[in-house]
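In what comes next, chain A is part of two complexes: it sits with chain B in the first one and with chain C in the second one.
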Partner chain A sequence: MPDLTGGPAVAAGAAPAVGAPPGTAPAGRWIGQPLRRAEDRYLLTGRGRFVGDLEPSGTLHLALVRSYVASAAIEAVDASAALSLPGVAAVITAADLAGVAPLRGVLDRPEFVATDMPILAADRVRHVGEPIAAVLAESAYLAEDAVELVEVTYGELPAVASAGEALAPGAAAVHEAAPGNVLVDFTPMPTPGLDGIFASAAHVVEAEVSSGRVTAAPMEGRVCLAAFDERTGQVVLQTSTQVPHTVRTAVALSLGMDEHQVRVISPDVGGGFGQKCVVAREEVLAAAIARLLRRTVKWVEDRREGLTAGFQAREQFYRLRGAFDADGRMLGLDADIRCDVGAYSCYPVTCGVEVLMAANELPGPYRVQSYRVRSRGIATNKTPIAPYRGVSRPQAVLAMERLMDEAGRATGLGAVGVRDRNLIDASEFPYRNVMGASYDAGTYRESLAQCAELLGYGDWPAVQARARAEGRLTGLGLACFVEPTAYGTASFGMRKMTIVPGYEQATVRMDPSGSVIVLAGTHSHGQGHATTYAQIVADALGIDPGRVRLRQGDTELVPHGWGTFASRSIVAGGGAVARASADLAGQLREIAAHLMEAAPADLELAGGMAQVRGDPATSVPIGELARTAHHAAHLLPDGLGRGLEATASFDPEGTFSNATHGAVVEVSPSTGGVRLARYVVVEDCGVMINPMIVDGQVAGGVAQGIGAALFEELCFDESGQPVSGSFVDYLVPTAADLPEFEIHHLCTPTPRTPTGSKGMGEGGSIGAPAAVLNAVNDALAQVGAHVERVPIRPADVMAAITAAASSDQSADRKEAK
Partner chain B sequence: MKPASFSYHRARSADEAVSLLAELGDDAKLLAGGQSLVAMMNFRLARPAALVDISRLAELRYVRAHDGGLRIGALALHRDLERLTDPGLLAGFGMLPQAARYIGHYAIRAAGTFGGSIAHADPAAEWCMAALLFDAQMVARGPGGERVIPVAGFFKGFLETGLRPDEMITEVRLPAPRPGAAICEFARRHGDFAIVAVAAAVDRDGGVCRDARVVLGGVAGTVDRAAGAEATLIGSSLDADVIAAAARQAAAGTDPPGDIHGSAEYRRHLIQVLAARAIGEAAGHA
Partner chain C sequence: MTDAQSIRITVNGTEHELAVEPRRTLADVLRHDLAYTGTHVGCEHGICGACTVLVDGLPARSCLMFGVQADGRSVETVEALGTPDALGPLQQAFTDHHGLQCGFCTPGFLMLVTAFLRETPSPTDEEIREVVASNLCRCTGYQGILRAVRAAADAGAGS
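Let's turn to the complex of A and B:
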């Protein structure tokens, strides 16, 4: 077998940032340096190795016959014409997969209805794009030819195309197990007396906000290559995933194998954003077929499949009421949330992932004392949802921040005043919120103040009025949020999933020449771990980050881990790396102490040397310690040397980054078009291991958030037929549609992690929809209009302006009478 | 998204392309820049049995002045028009580089061709609009030789033209300059097909508008002229009231489709807004 280990071993920091000569950590620390990413040279020069690049000889290409109706009984599948096409090896239907179990995402809680997601539909399809049969052919072209020849006879059934329809009395049931189409109905214990609080509040404000269905659309779609290894009896699945071990678990469960009989390898991955942190049925299918046919099977999702059958997200509806006292302090929050979760429940996080997250995290950065929420997950005949960067928080923040703007108006405090009064103050940390979450310290009020200052909030009314006098409609919008990240097993355990992620493991191994290999259970797919982990190791061991390599993405090679999602890697994975590095540093000091006849406690590792603290003349190269440990272990006492390696784990208790985003927009009163003039981020994620990578994460997230705010939506017609199946209609913003992002940092190191870092991968996408919607509404308020849905389409803005103008006119007419 | 099977033929000259088309029959298609055709083939919306690749015929890539007008080789790239700087070519044709900048993105403009766009006849295509604006003549070469097809009636329906299956466009002639011309578009993203595009041209003599063209893109099965709006402009002084009235007329006569990017009503509104802008800008140049 060729070398299948995940990804090339890359040395980090090969090209240090300007001003940082190689081999020297400015200020004595590599952590905090904006090192250029070790991954970029090979990725940007086309030398990456993705699953799509792999094609062993004899590979069969898999193409799927997918349902083109949203809801139907499958009456017959006739593959005879397809099978007669030369080059077609097989057509697999559900009947061939006896013994392959469906994917079953379960939350063990009474308000959850578990449903199965079949690997191939057997007698019933529930959404357009659902796979019915798999064609295996000698080329991808032939496979698509054959797909056209497979005849499926559908007995069409009524389709439920929206959450509203699904809840209507007498609606068809998507699943028999859930006759009312509610798969999750989450109503955590409400604060007693809430109605009384609302009845006596000085101000009660409301917000009703919704967001369209979107998808992550990673640059690399979903891809997998499955083979059967006759030597070991293993199924070897190479796949574009964020979670290799979880894929192994799912495939083993579904195929009825022990986990060691399944090897999952994930080489370079071109983005995931959550879509690849759940298990796709295509992954299980490819593995099952490889075992069945004893052939290598390759499936490459095309963009049309990605936009119709790939996991989707974010179709949510919020109705919020907030009670405020006369001084603008929030007394109570009452929320009704509906999430359209599509036709199936994804494994392992289930269709409850958005529903629970929305309810749990709605209070956000504010001092919400009383809270009542009902959050429902509603089944429809549409593509299933999965986590997508931010998971519900972009919508929860959208709703809360609309409410705050309304409260600012109602109380006369304005957007900044009312937020400032309700944001948790620095003196209150650690803060236990109304849902029981314990926030570590942050800079909630400070980030708001700084963002407002940067945007010129104080002068804004005058600036806005001047623009108005020139016939321009401009608006300024703010969004404050807290970003709970890096949930550990304790938090995940409360969700009651059948498998509980949270901890992370890493092995740090020094070779005889003094270089280091890190084996990690996280799975970088754009986050730059080869660089950031190297910075952590370099500081601990006193070596150059260029001598540290990362291996990941192979269940046979790396310790068991949960992959990369939920902004967990730099905390959980980085924490494990830091702990293992500290252990290894201790081993090196002991060896040095023995060779130098000094006390280990007196030794420090820096600049590639072990030296007696305060006495640089007395030093030994770390490479010499490594050589001794491996090649001259006879010089060392028992228990020292004989290899140099440490493995550690870290199970975080959760970290809470925070930020304020601000947008300035200009709305065209004649076309309804929205142009972003400025976008400002002030964020705090604690210690930044690599500020350049942090900025990249913020910028990418904001771009996706602006996509959701202004451009992207997966639309369906009333029969559940998707109508945005290509990038002509699914509008991902390009650089030309985005302003410069002005990114600023505050730093509150967290005591909860070995590095002081907090997770921060999702914040960009969380804040942007709210900041943009508030900015557009600030502009529209000048003409008496508002919009309450994202994406904000120009047509909707125009309709709002027109409606406001005509109601204005009719009001004028009434007055004239 | 893999195309159905087809045979591929590379033509070494325009004449060879024409004879290949004749030989291969009605299911053969010309491949120029491939910016529309290849995407349609990948979606299997187009399934030509054969492709005749003319993309390397350097003889058809030119933009030349001729007798006051412009002759554009069928394989002139969008980018060639975008980068038109020669004052001898640009005079009276400033609308062309303006329109080119609306076409897709750099990579598309560096591959797509002027003639390919005309032959494809997308109702939102800038070059089809320009053809109506400049009273273009299409030079079509077939087995029986060349003929010149006037633009009136050339665009017959959605992706449908007056070309015969065995003919290829070798050149597009714009017989006369129109200094007073402009194009305005609205799309949700930079580089997208316009939700609505309006091009306008006016000729002014003294204070009076002698001739006018108002061309709509993206609102019907083909690019089309707004005859009512043109009539309103002709003979007028092109003052603001007249332009507003013409813009209203341009919108009133249309029945645009609605889709996820905007309703029919919104598109009609955009026609009016963009027509006023385009006519106003054209009048400013005239």
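Let's turn to the complex of A and C:
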């Protein structure tokens, strides 16, 4: 058997970045060890199984005819030439899909306008890339040939290509149901007297910040393979998703089938980052066609489709005002937020996902006493949005942290001083914030202090001045944030979703040989759950984690669950695994107590043995207990043994990780290029099950955040035509673009989860845009310039420097009164 | 469509003879005609490098090569570097240093670095960063990959 757990992941002498102690795990405590991942051996040797690898004989390849105009009536679709091509089996249009319902994400709230996302456009297209017809052919090459032969006649209509245009009087309506193009208008009850607070405040500072449209761009694009199983009458959909059960629900609803008539299998998933936590219409389409034609149908998104028709994210605009007293305490926050949500509402979270989160989570780690916000989701003739790692938090933090830097200048407290004065103190937890969220304990001020120390904040003015004297523009930027993770059903229910995720279930089953199978409804796609769940089970049962294996990603096999997104798995899934393991440990102790004629409470499970606490001489191997439970159950009283498994659920009340990120940049005054010199993270996610994996999650998130800060943007022209259709145009960061990240941890175990762990999958991406923007502005302040938008392109920096040089106004900071 | 053409290619030491359409990419030939599915396709336009294989010892984007161009040549894929029970030294370094998460881009990095370390067994950190910058990874922020390559080089994986 491969050695999955041969001690800590980082061998002696290797880089100590994950803080691995030498030697093996201390007795009874696998949690906290940086174990090598159980998943690695097959992935590293090309033995993984991704959906694109599957190609049963007889498979029909599906390629899509997609709209090349942003807004039009479909007047005709002529597939005759395509159908005459040898090897083309069918061309499917909306007319062939009568009875297949559109995807309809709904928030049951009056300020939300529900709209349908058709599986194939019937008479109207609303964005470039919208699917109109599906070609089925014997090879992928033929299918693409045939796509070129399908003639679509468009009656072009006016398109709105930006949120500004969409809100203008007389703008064309993307959906008839929303004549003003506002799909969500969220204005929670403001704190009374807010205008008075601003009128009498010692300082009022403003920030106006925006972020460009980006996309998750997982290295494996979306892909699915659908078949119809005549034996069971099931549609079997293999798909690269984060949420197998949610896909099952959507397909069953759309096709009018019972959920058990749809089986969703998701083998290895090549990254998702949120884009695959919603249901793609292509998934429903493949299932519908497989049922219709009784054939196996495969769709593989190509990268151009991924960058133009795949879900997008983060195109947001923030206008913030903050009122501060003379001592720099924030008295009030007033915000106007606009999110360009594109042409449709994703299922099931809807286009409200960014809008509501932006408004609800803007106050972040700060003691915001009074708050007024309006947050709108605006329809445009662009690709629909979906959650992307952190959803609205990277942008909300960008805006708040820009405001804090302005407040630091206005109050004279500086970037650290003003933050420290307003961060929630350790003595205030659990802290109920102005929107009603209850924060568990964290290290908000401590992480700021440590990050500032690591960056040399105290000496920074002198360091910066020396660089300036050498003709270099350097800057230091900070970002503090709280990361609400693992929403439970109560939180999702408050959003008024009509399908409410949040809980998780796990089955922990010991087989007669003493090995354990974990069946989980979460769906790891790089997070290493086969490893971390095994660590949790191993501690509970006193066995080696190498004896624990995970099964996931098959709705026929695992309990109903909500998949992996929103930093939920180690909390919700890990919590369910911990509870089920505790139950199973109790069963093992009872069996052992019966065999050993001892009291269950006196027994412990450790080192593969059940023994009287502290008395190894009394031990019975756990494998013997497992064998007895299955193969010699007659020795046990009724109710004991006769199988050995437990199922538990966990519905978290929500955990709140926190971090401070800090960046040091050098800005070229001649090219506008930004080089990252240092990137420091001080984060607190409670108990780390596997610190190596935690560091990996942080690093990956930071890289994506830096991408959004400096490189990545999906651009559209004024007619709504996407112009970033390749990785030549859409710049995912490479190793040459990133410094070595310096990642540090604080640990505040949460009492809200069985393991003391908080979620942390998104944090890296949340802090980076703000830290980088603030660092660039710290550098540019030396020449009286500033930028207010990410990505910060060299041309933007040069324009800011040029404008500052030609105008005295640039020195006039935004202190307003 | 154009008639299939007969080709003979050696993959990981095994010779294969098959007929392929001239426009069929080497990636598709390897993955779907010969079942070497460890090679992945991430962008089909030569940027991401997930499909990197070695052709006559040199890294190549198999999405940008036609199968017919590999006629008479020798191809190495990730399947040749080790097995789950016996990882090669570079693969071992990747697991030791958390150089992969979802694992989709990983075969491309492994092949790229295999060729690099054969040519440059004692690279500087800058040389490592430069070569790793040839491919894209969306999960790791490259931190673990860079450490893994450093460790593999230090352990003599390229010599």
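Rule of thumb we're sticking to: the second predicted complex is superposed on the first by the 781 of 817 C-alpha atoms of A that agree within 3 Å, B and C clash if a C-alpha of one lies under 4 Å from a C-alpha of the other, contacts with A are read in each partner's own complex, and residues count from 1 in each chain.
Note that a residue touches a chain if its C-beta (ideal position, glycine included) is under 8 Å from a C-beta of that chain, and two chains touch if they have at least 3 such contacts.
Note that the structure is predicted; figures quoted are calculated from it, not measured.
J.: Which holds for A:V728: it touches chain B only (first), chain C only (second), both, or neither?
T.: Touch partners of A:V728: chain B and chain C.
J.: Could you say whether A:E206 touches chain B, chain C, both of them, or neither, answering first, second, both or neither?
T.: In the superposition, A:E206 touches no partner, neither chain B nor chain C.
J.: Have a look at where A:E144 lands relative to chain B and chain C in the superposition and call it first, second, both or neither.
T.: Only chain B is touched by A:E144; chain C is not.
J.: Using the superposition on chain A described above, determine whether A:D302 touches chain B (first), chain C (second), both, or neither.
T.: both
J.: Touching A:F273 in the superposition: chain B (first), chain C (second), both, neither?
T.: second
J.: Between chain B and chain C, which makes contact with more of the residues in chain A?
T.: Greater contact footprint in residues on chain A: C.
J.: Considering only touches as defined above, state whether A:T671 meets chain B (first), chain C (second), both or neither.
T.: first
J.: In the superposed arrangement, does A:D123 touch chain B (first), chain C (second), both or neither?
T.: Neither: A:D123 stays clear of chain B and chain C.
J.: Is A:E713 touching anything from chain B or chain C once the two structures are fitted on A? First, second, both or neither.
T.: first
J.: Could you tell me if A:R36 is touching chain B, chain C, both of them or neither one (first, second, both, neither)?
T.: second
J.: On chain A, what residues does chain B touch that chain C touches as well?
T.: In chain A, residues 140-141, 145, 302-303, 726, 728, 734, 736-737 are touched by chain B and also by chain C.
J.: Of all residues in chain B, which touch chain A in the complex?
T.: The touching residues are 1-5, 43-44, 105, 186, 188-193, 259-263, 266, 269-270, 273.
J.: Could you please specify the touching residues of chain A with respect to chain C in the complex?
T.: It comes out as residues 2, 9-11, 14-15, 17-18, 36-37, 39-50, 52-53, 55, 140-142, 145, 216-221, 268-271, 273, 302-303, 525-528, 692-693, 695-696, 699-704, 726-728, 732, 734-738, 740-741, 764.
J.: Across the complex, what residues on chain C touch chain A?
T.: Listed in rising order, the residues are 1, 21, 23-24, 28, 31-32, 36-45, 47-48, 50, 77-79, 81-85, 87, 91, 94-98, 100-107, 110, 129-130, 132-147, 150-151.
J.: Give every residue of chain A touching chain B within the complex, in rising order.
T.: 140-141, 144-145, 148, 302-304, 670-673, 710-711, 713, 715, 723-724, 726, 728-729, 731, 733-734, 736-737, 793-795, 798-799, 802
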